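Below, chain A partners chain B and then partners chain C, in two separate complexes.
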Partner chain A sequence: MKRLAWRGDPKRELWLMWYATLIFYNVFTVVFFVLTRTQPPAPPWYDADQATAWFAHRHQGLLVGFALMFALGGLSMTSTALITYSIRRMSVSRAFAYSYLILYAVSAVPGLLLICLAMTVGAMRPDRDPAIQHWLYDFGFLSFSGTMGVFLVGSLIWMAAILLDKNRVLPRWFGYLNLCNALTEVVVSPAWILDRGAFSWNGTIAWWINVAVFGMYTGVFITLLRNMIIREDFGTGPLPDLPPRKPRQRAAAEVAEVAS
Partner chain B sequence: MTTTQTVTAPTEKTPRRVPGESGMWFFVLFESLVFTSYFGVYLYYRAQHEAAFLRAQSHLDLWLGVLGTIALLTSSWSVARCVQTARVGRYRLALRDAALTAGFGAVFLTLKSIEWARQIHMGNTFTSGDFFQYYFFFTAIHCVHLLIGFVALGVLAYQLASPRRRSQEIVETCATYWHTVDFLWVLIFALLYVAR
Partner chain C sequence: MRRTTGETIIFWTLPAVAVIWVAAFFLFPGFLPPMSPRAPAAEVADFYLDHTARVRYSMILLNWFCVALVPILMLIVERMRDMTHRTPVLRYCMIGCAGAAPITFLTATVFWLLAAFRPDRSPDLTLLFNDLGWVTFTCGVPFLVAQSLFLALAIYLDEQEEPVFRRWVAHFNVLVAAALVPAGFAGLTLSGVLAWDGFLSFWVRNVAIAIWIVVMSVVLGRSLRRDSAAAEAAEAAEAAA
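And now, the complex of A and B:
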């Protein structure tokens, strides 16, 4: 019976996307922080020999980790899809949703894929000329940390949509949290100029504080998207409130019943 | 013997609320925490290289900083007046106060541009040592907040301009944002210009 209820649940695609988002962020953390150890970023002041040694030291981890990321990196689009869905559910122009979708799809190239490519190339032939290894090292880290600004406009679009929305899809305080997140994206820009100190690509302000804010922001939006799916009634007006914990399953079964 | 009991009617408690949207106060709290962490980093590095920081700090013109602070504090006063006049329905006056706030904000921005130009002319740029990294970072990120403040003032004026809108909550929300920009500047001013 449970299986039948799941098959009839009109929210199953949304839940699929939500769980895929959860899986992606977990895989992302394991790949970048554990397998490849590319985060926290290595020091920007390394010379060619140190950069070459860095690649050699992480040879297997970089190859295996980024192979996993190339296989599962596409899952990053599931959160973009869900966020686009949330904007489409709002009482705002579709232009917001499409702009967000395009911006984040394009931003995934410098924000995620370039570091994977550069570091894999560097790890593949550790006996390559140190000058080239050094170039790949700089390119990889700068493309990842330095390009955070590409997410700035996307965050602002989501913020504007939330603040203009009349359907109460997401709370207004989260709109303002988007502004906080967007402002911390700006702070990474000095990493293009400085190679040491708090503003370099591994600096306390440009990386550590930013990651703390981004981590909180990500945790919050994943939770709010989950709440949005629970509240979704597939109408066009304001979303109902989150039901109390116990009757949630009953409410879900009712929605499934109505839909079937 | 009879005792007279005075029965007092239960006083109606008006729910306490913050001015404007509570979401904006969440922003104020979160942004204050982020800036506190920036200030913590600055103070840590300053304590490590105190002599170098003090030497670099002596290049700043304290009076330009004071003038900027006065301009922003005055803008906070005018935006508070704007909220009050809007509350009593004097919208034309409120619009005038909003324009005055934007004017004081523009004065601050002009002073900041003059100061930046002077520092760059003196050879003090973003790459001229630790102190000037923080100086340009704090003043620039604050100016980004100020520019967003102009957008907030635009929203505020848009609300006040037509009788069909005039949401007091939005007016107060925009004013709260403007006060936050002012509040952050007072902290930055104290750290960069005054603390020795």
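And now, the complex of A and C:
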């Protein structure tokens, strides 16, 4: 029965994308914060010997963590696809949807793959010349934090689509939250210039505030995309509201009835 | 001119591109056998000094044509339109992967070409470019893995009597994805089956990519022919009416 219900569900593609997005962001968090400990980032003021010691100290974690990204990183396309779909569902030109798709597909290489490459190459030969390890260290952190334009323009495209949309696909306040996400890409730009202080790549503003905004933004859009899938009616007009939540007791009673 | 005529032209670029890839593969002196990740910096520097021209020519070829798979992938995306999907999300996933995967190969060629540009550079720097080239080339599989999985999923969800691609093509794509995954772990070791010159990371991975291109072009060609025949029949019916 379950199989039949799944086969008939017109939203199954959307749900698969949504669950894959959820899995991707969880793996991403574990890889960057736990396995490789590249987030929060190591200090930009480390000298060549300290950077070399940093690679040696994290040798196995870096290699295993980024290998997982090499294997599973392509799952990042699912959130891009789902967001592109959200824009297609809006009453705006498809140009917005396609722009978002291209910008975020392109972002995968400088924004994700380069740090995996630089850190893997650094970790695989800890006895390399410290000056070169230092360069790989900078390359890894700066390519990750400093890939800005695709996310900046991508967020603005999504924002403009949401604010112009008449189909109520996503709330207007989320449009403005996109602006906050876009601004994090502006705020991080001094990390290319300063190697210490609040605006350096691990600074209070360029990292801590930015990561809080990005984390909130990601959590919010994953929830809103879930609501969008629930509301989807496959029409072209305004999306209906979320169905009302059943009172808990009634829902529990229904479950008990079905079970008996 | 029918839509399918242009698609046929794109499709028949594939054999020419495949010949170029095979030529580049044999021309690059570091593939047969694959260069060892255990080679010391001096040996790697000597390799680029001894084979400067072949590295340059093969990588210029690959740089030109590694992205030539993009139009072919777009033909697959167009076939996906005929699948019984409710939404275009899987097509979007494929388009995203088709953008990112060839750029990864392109990046690898840039590192190899940099190593060969000044082969008299400090051996440590040549070793760095060589490592970057090999790790990018070998580990850069995330979008190829995802692409095969998205395509497999798309085929599984294409529930019609005459599916665009048969079910075995989906199973095949899952198998290819599984064959590509170990290459992502090539950074973990400098020797053994996982190393960039190892059985899994080099041979299994590259053979899987080659077989994928051959198999997918055969099934794509068949599907294009069917589509073309259907378009002709529709035109004939329209003319008769």
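FYI, the second predicted complex is superposed on the first by the 243 of 260 C-alpha atoms of A that agree within 3 Å, B and C clash if a C-alpha of one lies under 4 Å from a C-alpha of the other, contacts with A are read in each partner's own complex, and residues count from 1 in each chain.
We adopt the following convention: a residue touches a chain if its C-beta (ideal position, glycine included) is under 8 Å from a C-beta of that chain, and two chains touch if they have at least 3 such contacts.
Just so it is clear, the structure is predicted and the values come from calculations on it, not from any experiment.
J.: Following the superposition defined at the top, how do chain B and chain C come out on chain A, clash or fit?
T.: Superposition result for chain B and chain C: fit.
J.: With both complexes overlaid on chain A, does A:V153 touch chain B (first), chain C (second), both or neither?
T.: neither
J.: Check the residue A:T80 against both partner chains and state whether it touches chain B (first), chain C (second), both, or neither.
T.: second
J.: On chain A, which partner touches more residues: chain B or chain C?
T.: If we count touched residues of chain A for both partners, the winner is C.
J.: Touch check for A:L63: first (chain B), second (chain C), both, or neither?
T.: second
J.: Taking CA centres after the superposition, what's the angle at chain A between the directions to chain B and chain C, given in steps of 10 degrees?
T.: 140
J.: After superposition on the shared chain, which partner residues are touched by A:A48: those of chain B (first), chain C (second), both, or neither?
T.: neither
J.: Is A:R12 contacted by the first partner chain B, the second partner chain C, both or neither?
T.: second
J.: A:R88 contacts which: chain B (first), chain C (second), both, neither?
T.: second
J.: How far apart, in Å, are the nearest Cα atoms of chain B and chain C after the overlay?
T.: 28
J.: Which parts of chain A are in contact with chain B and also with chain C?
T.: Shared contact residues on chain A: none.
J.: Write out the stretch or stretches of chain A touching chain B in their complex.
T.: 171-177, 179-180, 183-184, 186-187, 190, 193-194, 197-199, 204-205, 209, 212-213
J.: Which of the residues in chain B come into contact with chain A in the complex?
T.: Those residues of chain B that touch chain A are 21-24, 26-27, 30-31, 34, 37-38, 41, 45, 126-127, 130, 133-134, 137, 141, 144-145, 148.
J.: Of all residues in chain C, which touch chain A in the complex?
T.: 37, 85-90, 92-93, 95-97, 99-100, 103-104, 107, 124-125, 127-128, 131-132, 135-136, 139-147, 149-150, 153, 157, 159, 181, 183-188, 190
J.: Which of the residues in chain A come into contact with chain C in the complex?
T.: 7, 10-14, 16-17, 63-64, 66-75, 77-78, 80-82, 84-85, 88, 101-102, 104-106, 108-109, 113, 116-117, 120-121, 123-125, 128-129, 132, 136, 234
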